[in-house]
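Scrolling down, you'll hit the structures one after another.
Okay, so subunit A shows up in both of these, paired with subunit B first and subunit C after.
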Partner chain A sequence: MNTTLRINGNDKQFPQDRAPKTLAELLAELKIDQATVVAEIDGRIVERKDFASAALQPGQSIELVRFVGGG
Partner chain B sequence: MDTLKIADREFTSRLFIGTGKYASNEIMARAIATSGTQMVTVALRRVDIENENDNLLAAIDRSKYLLLPNTSGARDAAEAVRLARLARAASGIRWIKLEVTPDPYYLLPDGTETLKAAEILVKDGFVVLPYINADPILAKRLQDVGTATVMPLAAPIGSNQGLQTRAALEIIIEQATVPVVVDAGLGLPSHAADAMEIGADAVLVNTAIAAAADPVAMAAAFKLAVEAGRIARLAGSAQRSRTASASSPLTGFLRDDKP
Partner chain C sequence: MMTTVFFELKNSQIGIAGLGGLGSNVAVALVRTGAGRLILADFDVVEEPNLNRQQYFLDQVGCHKVDALTANLLRIRPDSDLVGRKVRLTPDNIPVIFAGCHVVAECFDRSDQKQMLVETVLSRMPDTAIVSVSGLAGYGRSNDIVTRRIHRRHVLVGDGTSGIGPGVPLTASRVGIAAHHQANAILELLLDTEMRSLWARRNTGAGI
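Right, the complex of A and B next:
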């Protein structure tokens, strides 16, 4: 069985026993530096200080955004 | 130069810089440093989770430059408010360049949605710098709801056309009680000087510098132009007239005038 998380509009599968349990674990799994991103879970903003405690449930929709060049 | 106050911040540079379209973060960092700016805009986008390596913020010294996140990509007020709140969570600051541009062809701002978003964001504690068309009435409505500036366009974003909206900009500048930042469409240092000469408090430039053959040199040119334009504004320009007004004396010519 796999666990599905919707990340930035795309479904991503994780083996159930190795699915990330928190936002911090997800970022580590994706090799994304926590300091550069901000996140929403199901439309609710998660502050960076709360990444480690933000629990993930199967089927949730997660947005990971960061600053890029812009005018 | 005299200082510019926006909300609780004072700026000695009246040139704000966008960080888009640079060939590299290294060139961007050098252009920013050369421009003398104290505020740079950035955008928020989804992380590319398959290929995450670009870290823009590593190239921007936040002890020197205030970050001004924008809401680019927002097509209505709700999207702009969502982006602003994400930007605040990401940057830790409450400054936001509010832009709502539903039409990707001309990227003209939607005044109705911008006003709606501005009201929500001001109430939520944001320092709101709205990007608007050069509409003096909308500028008044925005300052009435508490925006920190108004930022009318000179011409469409990235079009490098200069002050196409001059007459309306002059009215906004005459009437505004908040700083007026001319944003978008300035393609040359002379355009920036032009905006400052008619009384803009500052200008925001991205494409004209980033897309120049030598962005660092162009940043230097814009710095000088903005300073020249500001000093000229404060100096008070001489009267324009349709006919000549001799600079040299009209007496004592080396000829004998016939009676």
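Right, the complex of A and C next:
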């Protein structure tokens, strides 16, 4: 059984026993530095300080905007 | 159509967070187009390497960017309405410094600072839109730089991947493309139907 999470408009499958349970776990799985990403779950902004407590459910729409340096 | 653009721009308040390659170019474009009030925020001083892409002059090296840019913008348009803030922006002071702004332009250099500003505006300033940039380093690949509406109040400019690094310099040409995407997105937001109804509803009287 797989768990499906919708990330930036694309479905991503995770084995059910290894599916990330929080936003922080998802970012670690995707190897994204928390300090460089703005995250939304179902259109609502999740502040970085809440990434570890933001629980993920299948069917949610997750938006991750990553920033690279330069300006 | 054009008359409407100029009217809305004249009655707008726009925050520029960071006055480097992006911010100084966005400010010049907005002042030339006829911007209303600009809030210019940066704690830094002009250094010689900045001159490869930022809108300053050699004789301004050592001056606060806020003072140097204010002087340059007033030379372009003496009746510009400019408010300078020499501060380091933080989650606590951003909603105060940019209070009443219709749009804030994210013009920082560092990725963690970009994240901090965008998160703060989106989570704590419900009446303010933000135009941010990710991915503008190097040269060429002009058409890889795009403008995307991520969220009702968030427009993202850039190629999404080109960060600064060894052998990947910032160039006046490519930073300028991104900065002008930003300025153009700000004009678009000021005329956006959804944003205009949001501003019309707010009770501060600062709505367009």
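Just so it is clear, the second predicted complex is superposed on the first by the 66 of 71 C-alpha atoms of A that agree within 3 Å, B and C clash if a C-alpha of one lies under 4 Å from a C-alpha of the other, contacts with A are read in each partner's own complex, and residues count from 1 in each chain.
Keep in mind that, in the parts below, a residue touches a chain if its C-beta (ideal position, glycine included) is under 8 Å from a C-beta of that chain, and two chains touch if they have at least 3 such contacts.
Bear in mind that the values here come from a model prediction, so they are computed numbers and not experimental data.
K.L.:
Would you sort A:37 into first (subunit B), second (subunit C), both or neither based on which partner it touches?
P.N.:
In the superposition, A:37 touches subunit B and subunit C alike.
K.L.:
Kindly classify A:45 by the partners it touches after superposition: subunit B alone (first), subunit C alone (second), both, or neither?
P.N.:
A:45: touches subunit B and subunit C.
K.L.:
Could you say whether A:64 touches subunit B, subunit C, both of them, or neither, answering first, second, both or neither?
P.N.:
Only subunit B; A:64 stays clear of subunit C.
K.L.:
Could you let me know whether more residues of subunit A are touched by subunit B or by subunit C?
P.N.:
Comparing subunit B with subunit C, the partner touching more subunit A residues is B.
K.L.:
Which parts of subunit A are in contact with subunit B and also with subunit C?
P.N.:
On subunit A, the residues that contact subunit B in one structure and subunit C in the other are 36-38, 40, 45, 47-48, 63, 65-71.
K.L.:
Touching residues of subunit A toward subunit B in the complex: what are they?
P.N.:
Within the complex, subunit A touches subunit B at residues 7-9, 12, 30-33, 36-38, 40, 45-48, 63-71.
K.L.:
Quick check: in the complex, which residue numbers of subunit A touch subunit C?
P.N.:
Touch list, subunit A to subunit C: 35-38, 40, 43, 45, 47-48, 63, 65-71.
K.L.:
Sort out for me which residues of subunit B touch subunit A in the complex.
P.N.:
18-22, 28, 41-47, 49, 52, 54-57, 67, 69-70, 72, 85-87, 89-91, 157-158, 184, 204, 206-207
K.L.:
How about subunit C: which of its residues touch subunit A in the complex?
P.N.:
18, 20-23, 107-112, 114-115, 118-119, 122-123, 132-137, 150-151, 154, 156, 158, 160-164, 170, 175
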